[in-house]
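For reference, the structures are reproduced in the following blocks.
Two complexes follow with chain A in common, the first pairing it with chain B and the second with chain C.
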Partner chain A sequence: MSDALLTTLASGLVLGSLYALMASGLSVVWTTLGVFNFAHGALMMFGAYIAWTVSEAAGLGLLSGILAGTIVTGLVGVIIERLLIRSFYGNRNMLLITVMTTLAAMIIIEKGAQMIWGARLKQLPRLIEGEVSLFGTTVSAHEALIIGLAPTILLALWAFTTITSTGRSLRAVGQNQTSAALIGIHVPRAFSIAFAISAGLAGLTGALLGSIRFITPAMGSEPLVKAMIVVIFGGLGSLGATAGAAYVIGMLEAILILTVGLYWTPSLMFLVMIIVLVLRPNGLFGRRLI
Partner chain B sequence: MSILLDVADVTAGYGNTTVLRGISLTLKEGKSIGLFGPNGHGKTTLLHTISGLIRPSSGTIHYMQRDISGESSANIVAKGLVHSPQGNTLFGDMGISETLELAAFTPRARTDKNLNLDYVYKLFPRLSERKKQLAKTLSGGERQMLSIGCAIMCSPKILMLDEPTLGLSPRLKKELGQAISKISLNGISMIIVEQDVEFLLSLTQRLYMIEHGEVVREIDRTDAPAHEEIMQLYFGGKQT
Partner chain C sequence: MTVQFLWIKLILLFTLLALVPLWVESSYIRHLFIIAFIYAVIASNWDLSLGYAGVFNFGHLTFFGIGVYTAAIATKALGVSPWLTIPLSGVTAACAALLMAAPVARLKGIYVVLVTFAVSQLVLQLVLSQSQITGGAEGMVRLPYLQIGDYKFIRDYKLGYYYMALSLLMSSTLFLVWLTKSPFGKSLRAVRDNEDYAQARGISISRQRVLALVMSAIFTGIIGGFYAIYLRVASPEVFSFGTMSLALSMVLIGGVGTIWGPVIAAIALTFATEAMAGIRGMEEARFILVAIAMIAVLRLAPGGVAGLLSRLVPEKN
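And now, the complex of A and B:
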């Protein structure tokens, strides 16, 4: 195989891994609450800044930075749910209202980040220096780490939602809130847990991405759009479908960048998504519409 | 004999619509009661209010001498007051065994999990034959069994069943009736909502007729009215 193709494959894997982390968080909130969180990209950016603050500004090291970015962002997610979403449960127009409130959260977090950290570009060091050879091409060790970490975290998330009682309760709440409440599940608590996991995953993605790309207040908007494509493309609702779609989209993006160039890639990806949805209205791996 | 549940002068409804207008009833330990009456007069609303899905706007609900009105459903279930709602669709994409295991969610239910699971499978062998089948593909009768099974997994002291035989064939109705009487023989008190008064009389000791959100008549099993009289209660006619 040609070198260009191998490099493309590797970069597709990195992209796919990042999208999988982003999109699975989006998917957890969607399946539990039926809310599409537009602040998800902003939360990712917030995680990157927290990681930078702890790691670089406070000098505590990147590992503590990544940990702090994940946890603090998870807590911010819980606050967003409590303040901007919880009061609208049961409202007939909840979906539309939460589109507006989560968009508001996105704007607040982005402007807030600009106020706190300024517009100057920031970057995190890499967790591991050096390079690793992968399928006959070389990627940075940090990227290799992302490639390995993403499936591990997704697997852990899958195990959490299928094996543990708490994880199962999130799925139960997503499928039938009344029945869930009547077997003793605290529905509001399930909402908080779902948002904490989702935002934590966004924060982690941001902290990992901050070593590859520059950290800016607007860095979350493009990954958000990609994660949305992934979630819709994969078929809303199932974690496996979302993960599969993330890698398909990552690969597709890498191949499109190689063949048609950066300029047309975003529009072509939307075109592919629309074609898939016309042919398979429930998404590539989806079974039914919710 | 102590009073397990005491509903006193409860008013409740949905939004601006008042459904329950000062309803009162009591359930003694070791007994079961039945609720009947025309549709849309508050039987289901009463169960929803007791299980915390709706907050009463006035009145009190005492369960084991403690006021539970206004508490969340999850807390009420955790105390052993369990409600199997009408037409419970449960969790469509979960299998039977996964649903039952999940239903042992509260701390007290978790301690009895294996015991209860065996009991449910013995009570409804049909469920044990298809543990992996998804809830959304179950028939109406099987779904009803799963719903009652879930309620048992919660380790109930009081079990509230809302029209458990609605829309079922006579054969299935008989089968479920037998299962319900087995549960009650096991020492679980029940509140059963049904249209079929004779069915209720076979399962409970005391009936309450509910009309316009009030108890309009109490019937003891020992002096149960004849069939014609029940028909008159439902459809009107000469006063008794």
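And now, the complex of A and C:
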């Protein structure tokens, strides 16, 4: 294989891993609560800033920064669920209302970050320095770490929702809230857990991304839009389909950048997505949901 | 609310607005009114698709943006008179709505939100990538301005633009009120409130959705064309999350499904956010306040300001 194609493959894998982390967070909240969280990208950005504050401004090291970014963002997710989602359960317009409240949350977090941290670009150091050889091409070790970390986390998430009883309770709540409550599952607690996991994943993604891209208050919107494409391709229903779609989209993006160039790529991706939805309204791998 | 009462309210509102230039001579305050009228058209037309028809349309600003860029490209690249480009913007926006409606008519729930949003991103990406036509991220500047004979609309403290914007808002509002009170408007509400029942009564749900989107795009596109000609710029910012959430907050705070509520909210919020922009440290915080107000309305007063006001007046519906 040619060099260009190998490089493309590697960068497609990096993109796919990032999208998988983002989209799986969206999917967890969607399958459990039936809420599409527009603040997900803003939470990712928030995680990156927390990681920067702890590791750079406070000088406590990158690992504790990433840890803090994940945990603090997870807590913010719980707060969002309490304040902006919980009072609308059972409302017949819940889907629409929560889109609006999470959109408002996105504005609050984004503008808040701009007020706290300013508009100046920030960047995190890399977790591991150096380069790694991958399929005969070199990528930075940090990117290689992301490629390895994403499937590990997804696998852990899958194991959590299939093996542990807490995880299974999330799925039960997603399938039928009333029955879940009847067999003794604390439904509000399941909602909080789902939101904490989802936001935590967003924070972690942001902290990892902060080493390869600049941290800005608007850094979350592009990944959010990409995660939306992923979610539309894969359907929102299952973690596996969402993760699979993430890698397909990452590869597609890398290939399009190589063939049609940076300018046409986003337009083409949206176009492909809209066509997919017209032909298959529940996503490429989706099952009938609504 | 009775129809007569609505008419009285609208006549009162527009008479008041038409008299404003008599005692407001500052061209800055008039500029704020013009911007407020533009937002009022955007918000009230969005209310038609989102509030009346119940289509989860989050790509409404796309129609506005298409209007803006139609006017910009037609005047700059094709040399069309700015007078012609304003109605032309309505035509292109309606065509775009028809195209967007094709996938939307078949979809349900969250997928409608995602696709309408994706369409707005697609248009934004096209604008950014075709920089030789659209100016890319920098946008287009120095568009031609409106004039009749030798009279430039910017003269006399923007008097011409003020009345032009007001008459566009009036036409749009009359159009929307007429539409929502017509059998078509009633069928939209039927589709929103009970899909199965509406279908059983022989209403085609997909067709009504498509029509609602197209109708809501007409004046949104026209006001987009006017916006570009008035400010003499077209910039991709019109597609941003910020513009969208500001317009959305106007629909919500004003009162979903009322048409006149968003008009009032648009005027109030434009002045409120502009006043706050003058206070130090509020440049970003004002958007946070608008977002909090949006959440508060959703939690405490789902009918918005219009709903609160209607409660004061006995209903005879």
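As a convention for this text, the second predicted complex is superposed on the first by the 290 of 290 C-alpha atoms of A that agree within 3 Å, B and C clash if a C-alpha of one lies under 4 Å from a C-alpha of the other, contacts with A are read in each partner's own complex, and residues count from 1 in each chain.
Just so we're on the same page, contacts are C-beta pairs under 8 Å (C-beta built on N, C-alpha and C of every residue); 3 or more make two chains touch, one makes a residue touch a chain.
Note that the structure is predicted; figures quoted are calculated from it, not measured.
When both complexes are superposed on chain A, chain B and chain C end up sitting side by side without clashing.
By the touch criterion stated above, A:185 is placed in contact with chain B alone, chain C being left untouched.
Taking the C-alpha centre of chain A as the apex, the lines running to the C-alpha centres of chain B and chain C meet at 90 degrees, rounded to a multiple of 10. Which of chain B and chain C touches more residues of chain A: that partner is C.
Once chain A of one complex is fitted onto chain A of the other, the partner contacts of A:11 are absent, as it touches neither chain B nor chain C. Once the two complexes are laid over each other on the shared chain, residue contacts for A:24 go to neither chain B nor chain C. Touch criterion not met for A:205: it reaches neither chain B nor chain C. When the shared chain is aligned, chain C comes close enough to touch A:111, but chain B does not. When the two complexes are overlaid on their common chain A, residue A:37 makes contact with neither chain B nor chain C.
By the touch criterion defined above, A:99 lies against chain C but remains apart from chain B after alignment on the C-alpha atoms of chain A.
Between chain B and chain C, the shortest distance over C-alpha atoms in the superposed arrangement works out to 17 Å. Across the complex, chain A meets chain B through its residues 165, 168-169, 171-172, 175-176, 178-187.
Looking at the complex, you find that chain C touches chain A at residues 56, 58, 102-103, 106-111, 113-115, 117-119, 121-122, 125-126, 128-129, 241-242, 245, 248-249, 252, 284-285, 287-288, 290-292, 294-295, 298-299. Taken together, the chain B residues at the contact with chain A in this complex read 51-53, 72-74, 77-78, 82-85, 88-94, 98, 101-103, 105-106, 109, 150-151, 153-154. Of all residues in chain A, only 30, 36, 83-84, 87-88, 95-97, 99-101, 103-108, 110-112, 114-115, 221, 225, 228-229, 231-232, 236, 263-264, 266-267, 270-271, 273-274, 277-278, 281-282, 290 touch chain C in the complex they form.
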